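Two complexes are shown next, each including subunit A; its partner changes from subunit B in the first to subunit C in the second.
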Partner chain A sequence: MKSRPSIIVILAALVLVAVLIVALLGNVFTGHAVTSQDLLNRLKPPAFLGGPEKYPLGTDRIGRDMVARLVAGLQMSLSVALAGTLIGAVFGTLIGFIAAHFRGWVEETLMMIVDFQASLPFILIALTLLAFFGNSMTLFVILMGLFGWETYARLARGVVLSASSQPYARAVVALGAHPLQLYVKHILPNVAAALIVQVTLTFPQIILLETSLSFLGLGIQPPNTSLGQILGDGRDYLSTAWWISVWPGVLIFVITLSMSILGDALRDRLDPMLKTRKS
Partner chain B sequence: MTRFWLIKFLRTVLTLWLVVTFTFIVLRTSGDPVVALLGGDAMPDEIEQFRQQWGLDQPLFVQYLQYVAQMATGQFGDSLRDHRPVIDIIFERVPATLSLGLAAYLMAALIGIPAGILAALRRGSFIDRAIMAFAVFGFALPNFFLGILMILFFSLILQVLPSSGTGTIWHFIMPAITLGTFTAGTLARFTRSAMLEVLEKPYMRAAAAKGVPAIKRILFHALPNAAIPIVTIIGLNLGQLIAGAIVVETVFAWPGVGRLLVTAVSQRDLALVQGLVLVIATTMVLANLIVDLTYGLLDPRIRKGA
Partner chain C sequence: MTAPLLDIRNLFVPLPAGADRAYAVEDLSFSLAKGEILCIVGETGSGKSLTAMATMGLLPPNLPRASGQVSFEGTDLLTLPASTRRKMAGSRLAMIFQEPIAALNPIYTVGKQVSETFKLHTDLRPDAIKARVIDLFREVRLPNPEEIFNAYPHQLSGGQCQRVMIASALALDPSLLIADEPTTALDVTTQAQILKLMLDLREKHGTGILFITHDFGVVAEIADRVAVMRQGRLVEIGPAAEVLAHPKAEYTQKLLAAVPKLEPRHARSGLTETVLKASGVAKLFTSRTVLGTTREVRAVDNVDLTIRRGETVGLVGESGSGKSTLAQCVIRLVEPDQGDLVISGETFSGLQGAALRAARQRVQIVFQDPYTALDPRQTAGNAIAEGPIIHGLSRAKAKERALDLLEAVGLDRSAAARFPHEFSGGQRQRICIARALAVEPQLLIADESVSALDVSVQAQILDLLAEMQERLQFGLLFITHDLRVASRICDRIAVMRQGRIVEQEEPAELFAHPRENYTRELLAAVPGSGRLISPASRTGNAGS
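Coming up: the complex of A and B.
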């Protein structure tokens, strides 16, 4: 077991910090508004390939600056994924606690729903809901939150069940603590490590889900934009303007790759049990 | 033994029931089912006939039972766009998806399993690390981006492979690689850890001591014992593969079920979406049942233990 993180892990963390800075301060870097069109400079290649100097990464089909588009897409993709991850983690953990607290038919029913969701690829559930309820930003964020909640629910339930029989939990109950107090103050800190690991593993998957749906034209809708949507938009211009699709793709890849490397490292560090089970 | 089959079978039925219940709830909470399944411009007598056919004048519980019965017998209604039975439209598309899925699995197995074995045999070496790095790349690379990159290089720059459609063996190459990469990565990772575990077993040393050649030891002594986790992963990955097919078929304009689903969702052809979800879910659940039963056959310990 290594005590110091490897070069690759540090690199992954640095990349993520850089991405985060660009997302937060991105509007400072871009000289153009996301929506400003320059119809004389449509589908111009990046500056380093002979395009106009003022568009370092090129322009899209209506002459919008790719840098500005990418920053806007990045902000949307990251915030949707972040919201989804948080909703899923909180909701799932809560359901897990409820299942473990009430036991009986409540637990049975909740766990049946958990099993149901785990038995289908989530994109299928997402597409069904999008088709029937119609696409809206609210529904889309809720969908991202529904992704992966079942993993948290299983995790939280398992931990509560095993913790409830521990002496410390019984002591807290015997001292007259409210069940809520037991869960929030005493059990939650014990699940925290496992939950954080799960968050780092779910986050890249939600990014992939959001970008896939937006790529298919079924996620984030114009005038809003996301990395997946830009990529999908650029598909029709692959032969003339490959940069429209390639930049957002590279960005998505870099984010998911760094996040999974970091997530794996975190898991090995925080949760040695998982590591021994894995290999 | 019988109990093992019975539990698996009951679990399958339960999941299918949940899927049908899910589509029923979605259909009912999203608005008027008549408008949803028949479209907004239906004639009054059409609506009346539809109401009777689907029992919409009955109490909700009766409607539910009727719905389950209809879905179970494959009566998904007609497509809003094509005005043809949904079930016919779906089954026209099944062969394309099935052949693509098989090609992807084949590709994943041919690359993933040998790579995993190699990594396990050369544990800690450069080859091991390189293979595992590729596996991580395979997980993180979004399939739609991989597809786009391949179209860019092989169809537009080198002009050696067709960018879309079906027809020849060449059309299979890029979609199958795009779809199979994730599974290949997963397989490599799990084959490696399964092999590492098996290679340390006493019977491997016994075989070596007996003078069995290395290649025979690996193929006939180690691999069968590592088969369970590998089969499990192939089974578990079916969901991934189906999710992948939805995207990959759209990227390569592959005329399969996945692309049909995407078009149906974007046109809000709800009868078709409902039918597709039920058919895809049923296929997956049944495939999982088959995988479960396969380990029962592969490993007597599992079916006796259950």
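Coming up: the complex of A and C.
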């Protein structure tokens, strides 16, 4: 039985839609370029706390408009997280399918790598790689993609194994279908729900990871900006100009929370493991 | 006899809003006397199980409250407070379920679990309890009761587990025993033993038994009276002999007519061309335990089998006899360790990759459970058309063939656009048959294809298979545990036991002169064999 989503879920969805609109059309709202500095108006508080009218959310240490900065940071954070999530999801799912199809030593090796990654704190891996190879946008996005692929691999392998043992899958094999046809046409649509739920769960984690790395100065580098980087920028001014850190912090919090709430709701609705089997 | 043991008056069990009908059980009234066996018979969704649950106070909590009267020894169970009722459940009335293995806790020994009942309801000392439990185990005829006391459920067979459940139910000598399909999950020989055990217990303790089943064969074996239910309503109730021989209600007549009878037929003549020649097929399953010792099971042991064009060969045997594994080997969903398979003149064993995929056109399979055999996200039409497309037919032609087949299996052409969940179990099985036949196989395997269906649907599907075979002349390997079904439709029956075919004969001959002891045992265990093939019931059914 399908029930109506709760008010909290609806709220979370609305917040995410609003965030998306801001990220897509944000440049229209901002009156200033991201990089334009106004050195006479450095560290000005938001307009409602007595700052200048033209900077509604205040300015940072070199007089850049916080609104413009936040929009740019949001765009960067979201696109990096999106790219990372997609890479991780596709790569991990593929590995999971391969492991489930070949079984035997292929499966064992792949799952060993999965276990290996799962037993290392990812932030350590990230720090090491960034320290060795230096920072580049490409590497950073790939790094985000590496985060969480092992959960997809494990999940995909499990659901594929159980789906392939279903009579419908066996019937398709008996019809003489190529394995690719079986996986793409029959298994994937039937296990997609579980994977989509996983996407909604890793996405906020990747945003947090990106933020942490950028906060540490290892992530997105100036002149580009991201929410985490802005947050890190405000570190030294917390007592005098709190708004530099608080705005991106609030944004990150709201996005990840909404995404998690929505993910939970989706899981309740879609996850075949939680569905009672029709008998 | 004085007041009845159990008296149900105007029982209503409502269903939650949005269900397909308002009441699961509607205005049901019947009574059960001491020492009587009343069978409630009905098809899926008839409300027979919920009646039992309502009596035991085990209705699922998401259902609205039942109304009416369920008086047991004079007290109305529906109005009792939960605590009093709990005390009665287990001591005065007890219940056994369909899946004995699922009803036992796997981490405790069965002795401990049966002892639990005594611990809860009596103040006997532990050693006295153990003695009582062992006595009970002896009474339900478990071998070596002392050893079984310390056994875990997984170490026992299904039949033994059901005996343990019965022992547990009888522990406190209840006056009412409710048995919900207690033998459905068991093999026929085990079923026969359990039924006999229940008759003996009734004799000895005067227990009233409410026995729920879908199988008229079982009814014929043990019932004193029968109640037939349909869609929550009582259709007919009366003495077993009378209802079975002269059913009054039209629905009962229809049900009885659909019950597979033991009607051994003769083989058809004129079958020559061989479609399947399997020789020396063997499959060994090995499993390794934690300690590193290997356990080997010879699932299929050097089996030879031939099937001719247009012929139906039945493969019968109890669970674990290897009949399904043999079928999976023949269609190569399980890789046989040894053996040659030749299907319509061409080798099928040893093929790999693309050659194997192309050869799969020659043999198809229809599974047992129609609910899981269709991709839930594929329309019926696409499911049927998929095979022909794989084997090179154009999309348009495959679609056309799918529509024709839908019609041929008794569905509407418009069904092509619908998804599996929009069909009933029987309709789904029709789609599965159409899907298998769409690639025009020379050999069709039906692996317990009618076992999960209600009897009336079962009869229709069997007719459909026979009709399609008549038209398309494929060889049919029909796997079943039900000798009654096999006796009616097979030209030849192969009896399997422990991976081997022990006897192979045309039904009329096999049933008249079984050579093997095991075959004789199987035949004797067929429920209702004594009564349902009597000429009286046969003529009675012919009219309906």
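Throughout what follows, the second predicted complex is superposed on the first by the 269 of 279 C-alpha atoms of A that agree within 3 Å, B and C clash if a C-alpha of one lies under 4 Å from a C-alpha of the other, contacts with A are read in each partner's own complex, and residues count from 1 in each chain.
One rule holds in what follows: a residue touches a chain if its C-beta (ideal position, glycine included) is under 8 Å from a C-beta of that chain, and two chains touch if they have at least 3 such contacts.
Since this is a predicted model, take the numbers as computed values, not measurements.
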Do subunit B and subunit C fit side by side on subunit A in the superposed arrangement, or is it a clash? fit
Regarding the shared-chain residue A:A171, is it in contact with subunit B (first), subunit C (second), both, or neither? second
Quick one: is A:P204 in contact with subunit B, with subunit C, with both, or with neither? Answer first, second, both or neither. first
Touched subunit A residues, subunit B compared with subunit C: B
Tell me the contact category for A:P46 with respect to subunit B and subunit C: first, second, both or neither. neither
Which partner does A:G148 reach: the first (subunit B), the second (subunit C), both, or neither? neither
Regarding the shared-chain residue A:W242, is it in contact with subunit B (first), subunit C (second), both, or neither? first
Contact-wise, after the overlay, does A:Q181 reach subunit B, subunit C, both or neither (first, second, both, neither)? second
Partner chain(s) touched by A:S212 [first = subunit B, second = subunit C, both, neither]: first
Roughly how many degrees, to the nearest 10, is the angle at subunit A when you join its Cα centre to the Cα centres of subunit B and subunit C? 90
Note down the smallest distance between any C-alpha of subunit B and any C-alpha of subunit C in the overlay, whole angstrom. 8
Same subunit A residues contacting subunit B and subunit C, which ones? 278-279
Which of the residues in subunit A end up touching subunit B in this complex? 112-113, 115-116, 119-125, 127-134, 204, 208, 211-212, 215-218, 228, 231-232, 235, 238-239, 242, 245-246, 249, 252-253, 256-257, 260-261, 278-279
Per the touch rule, the subunit A residues reaching subunit C in their complex are 1, 166-178, 181, 186, 189-190, 278-279
Note which residues of subunit C are touching subunit A in the complex, please. 18, 331, 333, 356-361, 363-365, 367-369, 371-378, 386-387, 390-391, 421, 432, 435-436, 439
Touching subunit A in the complex: which residues of subunit B? 14-15, 18-19, 22-23, 26-27, 30-31, 36, 136-137, 139-145, 148-149, 151-152, 156, 193, 196, 239-240, 242-243, 246-247, 250-251, 261-262, 264-266, 268, 270, 273-274, 277, 280-281, 284-285, 288
